[in-house]
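Structures follow.
Shared between the two complexes below is chain A, which has chain B as its partner in the first and chain C in the second.
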Partner chain A sequence: MAQPLVKKDDDRDEEADYSPFLGIEKGAVLQEARVFNDPQLDARRCSQVITKLLYLLNQGDSFTKVEATEVFFAVTKLFQSKDNGLRRMVYLIIKDLSPSADEVIIVTSSLMKDMNSRTDMYRANAIRVLCRITDGTLLTQIERYLKQAIVDKNPVVASAALVSGIHLLQTTPEIVKRWSNEVQEAVQSRAALVQFHALALLHQIRQNDRLAVSKLVTSLTKGAVRSPLAQCLLIRYTSQVIRETGVNSQTGDRPFYDYLESCLRHKAEMVIFEAAKAITELSNVTTRELTPAITVLQLLLSSSKPVLRFAAVRTLNKVAMTHPMAVTNCNIDMESLISDQNRSIATLAITTLLKTGNESSVDRLMKQITNFMSDIADEFKIVVVEAIRSLCLKFPLKYRSLMNFLSNILREEGGFEYKKAIVDSVVLLIRDIPDAKESGLLHLCEFIEDCEFTYLSTQILHFLGNEGPKTSDPSKYIRYIYNRVILENATVRASAVSTLAKFGALVDSLKPRIFILLRRCLFDNDDEVRDRATLYLNSLGDGSVAETDKDVKEFLFGSLDIPLTNMETTLRNYAQNPTEEPFDINSVPREVKSLPLVEKKAPGKKPTPLGPPPPAPTSASDAYERLLSSIPEFANFGKLFKSSVPVELTEAETEYAVNVVKHIFDHYVVFQYNCTNTIPEQLLENVTVIVDASEAEEFSEVGVKPLKSLPYDTPAQTFVAFERPEGTPAVGKFSNTLRFTVKEVDTSTGEAEDDGVEDEYQLEDFEVVAADYILKVGVSNFRNAWESMDPDTERIDEYGLGPRESLVEAVNAVISLLGLQPCEGTETVPNNSRSHACLLSGVYIGNAKVLVRLSFGMDSSKEVAMKLAVRSDDVNVSEAIHEIVASG
Partner chain B sequence: MLLAVLIANSEGNILVERFNGVPAEERLHWRSFLVKLGVDNLRGVKNEELLVANHKSVYIVYTVLGDVSIFVVGKDEYDELALSEAIFVITSALKDVCGKPPTERLFLDKYGKICLCLDEIVWKGLLENTDKDRIKRLIRLKPPTDF
Partner chain C sequence: MATFLSHETCPTIKNILLLDSEGKRVAVKYYSDEWPTNSAKLAFEKSIFTKTHKTNARTEAEITMVENNIIIYKFVQDLHFFVTGGDDENELILATVLQGFFDAVTLLLRNNVDQREALENLDMILLCLDEIVDGGIILETDGSIIAGKVATHSVDDGAPLSEQTISQALATAREHLTRSLLK
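== the complex of A and B ==
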């Protein structure tokens, strides 16, 4: 008896594993779909076939056009069946098949019939299907029914129409906007979901009408909103209204704040959180306003639901960036979250704590983090490392424990990005905290003893070469460096040789011993390593204890003050056009190319790690240089110093689109007018720009290069050249008129008439300003660069910038006036700050390096004062910079 | 916008996916990203215990129910709390249709009904129905009881 029983169990197990769709095949299912054509429909069987079709579609199978059409036509037959289950399936499969416009017509009559059916559920579903597959023309036909449906007493019908409205608003807004009366009525509906959908639609219809949104919010915040979802929407719309109205200047009250605050006591957590979040995001929020919201978020931190904990800690993390003190009350709760099972929550808790913690809590915090680090993924670790880096810069006295922490995690397992984040942090701390230097360098030395990443090893060796020789006992690093020569791959060995040579060049007492080590490298089996060793041995002197020549040091280790990308493109060009002439490093342009503005994508459409890499920046100035040097008239103008970004001289969508690029040479200025003819019926010939330079006295016109012909939609250039006194930053205003001969074009044949008419077209004026004579060239370490410049060239002065809306505005104005490159991210001004320091660097015409330190301060009446300190290769340039600011 | 609802089996094979407003070329990335997220984090998680993650302004809430893992992805107004509401509706509808936390087999047996439920819950990226009893009636084309 036992035997069959066991067998039966086995059978059942097999059955449980067996998928009803096992071996499903598209061809077979399409065959099966023929049952839809049976005169006697078997509803059950038809439903099963539709399920299979749905499964195929969901698995990513796609139907060919013919297959889809065939299935779609067959499905439409099923409207004959009165079986509810099957009808529901039919609605779904029609939506999923998304028929093409010419097929839609087959079902519209059936769907229109259903839309007027007495069965509510037919109406609701038919609306959804129709709105999914319809286009604008059909919509006008069914608009009347949709309006009725919005106020239908059956909430499902009303919701279907409202949600359809939300979707249709994207494609045919003019029609949906006509429904606002009905939608308004639906907002008052007693059914919770109808109200939610109606509110969303009404807001979308009126979102550009501030007054209407404000009215909507005013009336609803007083009345009863039924569902938590709708309440959340209302809170969002309310904060939008608050943002736009601002604080009442007399009473200091914020409109609707009381409403937000009352929502903190709502029974739905969703609403509580939304209100708390809205309060924390108010602009210029005061501590008094923040407190109740923070209290609520603190309670959510200990919720049993991970989603709530996550939401709360994420919001507090944001608050901590602007109001760290307000969050400190939650520190204890957040500390307990460090051990949260959800790593996202734990990481957010830690980074928040690192922002809010005070100096005394650092050590305790570090201990907790150490335990936590071992069981999180690299991406979270990187976030923590970055937070620790900023903490260390905030509390430099605590560098010891933070540096220890970094060195400990450096020894543990981890991927490249993680290790790189740690190494970057250590390097930054060494640079900014002098006391941390020696211990930091030793940690890095230990790390390269067992480092699997070539990139990091070479980076550290380079850094060691710069910093090591300046320490009290440089000799202790040599062992680590020479070990690399023995143990590592060729790339690292070559770096190690360079680092050794740097020690030799900078520390005279070590030189003889370094020479011994370098001589050993002559027998390396890699060319690069041997070449480097030979170069250093031959150029650093004879190996005796003697100071290395300054020129040699500059030649071997001086910074290459040319952007590497520019160097690369120039070398590529050089290699492509074989020539007898040796490569001239002075031909490499020095301008830093700003990255093209990346178009703002809809936030979060994709997570970054999954996205494709951004396109490589293209080089505009190389193209300009080639273009200009190819024009004989401008060939003897010398080296191009700078080309401006294009300045538009016409409004958008005019007949002729013209912009100008200002090319600055030492002695000349060339204006390149980029012209586009946007009229298909016209051909322009002999196109020139007549420039009136009466408001630019120092400039005199020396040449014009007209444009022979400008056909429709083919951009081309005409040029005008001016001479100006050499080296001076002459400024002035230029008025422009486009002059040309216009010929009619027969668009059918593309042929132009023989005779043309002369015509003119007025363009906008533009100016040559001081910033045109300054190149944006960044420096990697501003402090070092500043200190290496002669202090005698420094010029300091103070300026009043008058009342300003915010410091951001003042800082941006000065940066754009000077046209210098902001360094080390100092162009970003924290919100609401009253003082700010900004570092700028660049090259002034005549190749003089310029560094600028700006300190801004703002008093209670919003008056901004600025201190400007300049150092430069040339005192006159320092003074010129002050002149620019004084006259700007 | 509710960008995606995705249901996978315990081995990471997709059973149902519904994307809204996600370009076709990005769907593959999302699919593998979510499945990996599940593999990394869902082992040993109790039925319906919610996990949450975010990347910039995109939120992901996910959980297990029986043999299947469920992921919902949203942005803007569909933040983690709205998503947890949506996933709650989905799990309760699933349990309702299957009678218990489903095995993969049971899930596939009820595949058609589940598709209908999802169709009622999320409509082109917007949450439409949130009450499981109402959904149960709607998928059989029965009007809701509460009107």
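== the complex of A and C ==
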């Protein structure tokens, strides 16, 4: 009207971008829906209105409760029409409106009528609609029809009933399970998709019955399955059966492997691929089993269809993680995929090649990757960087070209995650490849000159402080570090000050110059920076060229071997109870409570803004320590070294539940028996545990603390204390009997009778083992910790562990025998590997630090051999560790 | 272990999308509650559209991964077809579903596969989606069967497509020929 110009534009838009729904508006369409109520129904017009309503729903418009109900009731009127097309649209909109239970009743009878109609399409659709909107109560009414429909001659009707069954199994399993005879019949159907749907439903009905699933697979793998989709299902079920049955130990054959292998020759690509994938995912798959699958996947690599290439390269990529050698045959095909139009395929190809490549191909690969890096997204780049990192560790001699590559991509644009992946990789290379150190450090220095991420700058500065002073020319790094003090934010400045101080402490010749720089920092406008500078100036001496005190070095470089969460808890307690005494760091418990986060880098001197410490876990050992020190008999036993986890001494659900916690002191052992009385009609009094230590010669009993009374369902403790030779890891077996006086209790009044009867109750035995004398204490950097220990304390020996099921089992057995803390995630053994190295650390009784390196190897007959290297503060301790393994 | 469990069950389709050349919806159907709200759905559509629209998926279906989902897609004229499945799903099964959807739409729109035609026959597209997948479970993957089921019910055409009369078939063929000559 008043906007002729705009109007003109609209016209032109309409021309180019015409849509029948242009300017559609919900209110108007709802008005239009009144035609549903006309006595003379215009089927075509009604269909159009429904399409409009569906369009609105599809575009994300939502109807209010009232609107939806109104539309729904209007729609139900349309069942009067005999028009096929309109009926289909009615079905569709009923499903989309998802009516509430009381509304469903309105359409139930119409739908049930359609379910018995002679038109197949009506039957099929009415079943699907009704099963979608119905609840359990209605289902019993229509169950009979559904069972009929499952075996209907028309495949569409049968499929509709079967698929509805699959959905209903989630909500009303008890009803659907009654249909298994019909479903079984449908599995034999000649219609491909009916067979597929029937198989899916039958398996879901029986999935908790292993034997039934196994039978199903056995009968079907003999070849009655027609549709490729059903064949894929069968392959999945077969691998499940294989996984649950395991390898036949006599012949070494895997049941059903032949079936999977035969599927590799199926005519449908979908089935071939499913079978190949299933074979690669078999647990402990052998090279012989893998080969046919790899061959098939290799063929798919050169397919013209991107989907096939992607599927094949993704599967091979996964295989390369565990069986790199099996994939090398495909390397030539892989290399041609690097230039694939589809970047996902190219990235997968590259990372696979990096996993399988040999030393001579590294240079060529790096050249190809460099061209490729500029046009992929960050997420792909991270994958590539991680693959390069592991390649570098595999071929240390090639560090030069890999380091070059990393430094190049470090200079390019990229987000935080990507840069962090690169920096982590460079740090790892520097740490593991000594030759790469100097160039790597310089690359990092250049990076922090122009780094927008505070977190990365502080990490690098910290790392530089540890590694820089040990290089041939430490002075060349100072410039980069001091630039940070001038140019960066407070957090980075503070890190830079610490780094400068480390150079000053280790490189005596630089000390006077460092002092000048540090003094300048005294005028910084940030507290933390000034405080650090002051602290370091005071601790580093007088600024002359002189060797730094050992204590100061220890202070600067010693890693905090106390878990930070424990430190935080203790400090908080200290701050809450004001006292004159200075805080003693030795009062912080060293035991790791929760699963420790073994960080790649040593913990920074302050919590970084990106990683707030997790909430302090409630510490069990604190509670034990408080409990024990409150008992006067045990008060003079000294400091508690370790408390074990509770060991159950009774079966579950017996009259009395008892478990024991072993508390180890330097000179004593205290057993804490936690008892619970589960009989409401009884009250126990004077409860003690009679301990027979005849199989534990080095222990002598020194005291018992009985429990006065043990009412129903109230846990309480009784204690027994033993003395043992100081500092030794004495072991032994203890048998226990619970002795008490029983009094009957009248449950209605809760009063106990006066007279009791003496009784005994046999408990199970338990042992004190070597691991009880070892505290789990992690170290943040195992390599540094190992090197800082005196090599003279090292003891190495080899052991045969006999035949084992898998390496995982052997590794776990040794770890639990020693009771040490696995470091740097080395307790996890990759699937199917034949050798493994594991790093452990801990504290032995008498406060001796222990570090252990384990190397495991497994031969073809599953015999496991282990090399054990120990370093510790005390040679005797190293020998004691070997003693534990030798006797364990 | 969770991935193993999902792997043992039936192949599952998370959604089927038909978007226009600007990434706007023509017709979409979600079978998974991974995207509970309309805005989550729109965000997902936007992310896959921006990730794929520059690629060439006109002759063969292409594939990519977004948010741990596999997406198979194909473009024709100004229409973009997508099928999404979990990251452990058999890629080829998903591709078969996409092909079935695509073939059925091509048949139903009598080879005029573009946005305008699709919107004008939106009822058929929606019925088509309904016949391919039911609650995430594949119902049918053969394009001509799907189109047949939909066409039986279309208002203006009583006969299934497979039973076209000779004159209809000729008309279609003529249409084909003219179009190829005009190109």
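The definition used in the following text is that the second predicted complex is superposed on the first by the 486 of 888 C-alpha atoms of A that agree within 3 Å, B and C clash if a C-alpha of one lies under 4 Å from a C-alpha of the other, contacts with A are read in each partner's own complex, and residues count from 1 in each chain.
FYI, a contact is a pair of C-beta atoms (placed from the backbone, for glycine too) under 8 Å apart; a residue touches a chain by one contact, two chains touch by 3 or more.
Keep in mind that this is a model prediction, so the values were computed, not measured.
Applying the stated contact rule after C-alpha superposition, one finds that A:44 touches chain C and leaves chain B untouched.
By the touch criterion defined above, A:193 reaches both chain B and chain C. In the superposed model, A:92 lies in contact with both chain B and chain C.
Of the two partner chains placed by superposition, chain B and chain C are both touched by A:163.
By the document's definition of touching, both partners, chain B and chain C, reach A:55. In the superposition on chain A, contact is made by A:236 with both chain B and chain C.
Legend: residue contacts after superposition of the two complexes on their common chain; A:223 is shown touching neither chain B nor chain C.
By the touch criterion stated above, A:750 is placed in contact with neither chain B nor chain C.
In the superposed pair of complexes, A:344 makes contact with chain B and with chain C alike. Residues 18-21, 47, 50-51, 54-55, 58-60, 84-85, 87-89, 92, 95, 121, 128, 132, 156, 159-160, 163, 166-167, 193, 197, 200, 229, 232-233, 236, 269-270, 273-274, 305-308, 310-311, 314, 342, 344 of chain A are contacted both by chain B in one complex and by chain C in the other. The touching residues of chain C, when paired with chain A in their complex, are 7-11, 25, 27-28, 38, 41-42, 55-56, 60-65, 72, 90-96, 115-116, 119-120, 122-123, 126-127, 130, 134-135, 137-141, 149, 152-155, 158. Across the complex, chain C is touched by residues 18-21, 43-44, 47, 50-51, 54-55, 58-60, 62, 83-89, 92, 95, 121, 128, 132, 156, 159-160, 163-164, 166-167, 193, 196-197, 200, 204, 207, 229, 232-233, 236-237, 240, 269-270, 273-274, 277, 304-308, 310-311, 314, 341-342, 344 of chain A. Those residues of chain B whose C-beta lies close enough to touch chain A in the complex are 14-17, 22-23, 26, 29-30, 33, 40-41, 49-58, 61, 75, 77, 79-85, 103-105, 108-109, 111-112, 115-116, 119, 123-124, 126-130, 134, 138-144, 146-147. Residues 15-21, 47-48, 50-51, 54-55, 58-60, 84-85, 87-89, 92, 95, 119-122, 125, 128, 132, 153-156, 159-160, 163, 166-167, 191, 193, 197, 200, 229, 232-233, 236, 269-270, 273-274, 305-308, 310-311, 314, 342-345, 377, 603-611 of chain A are the ones touching chain B in the complex.
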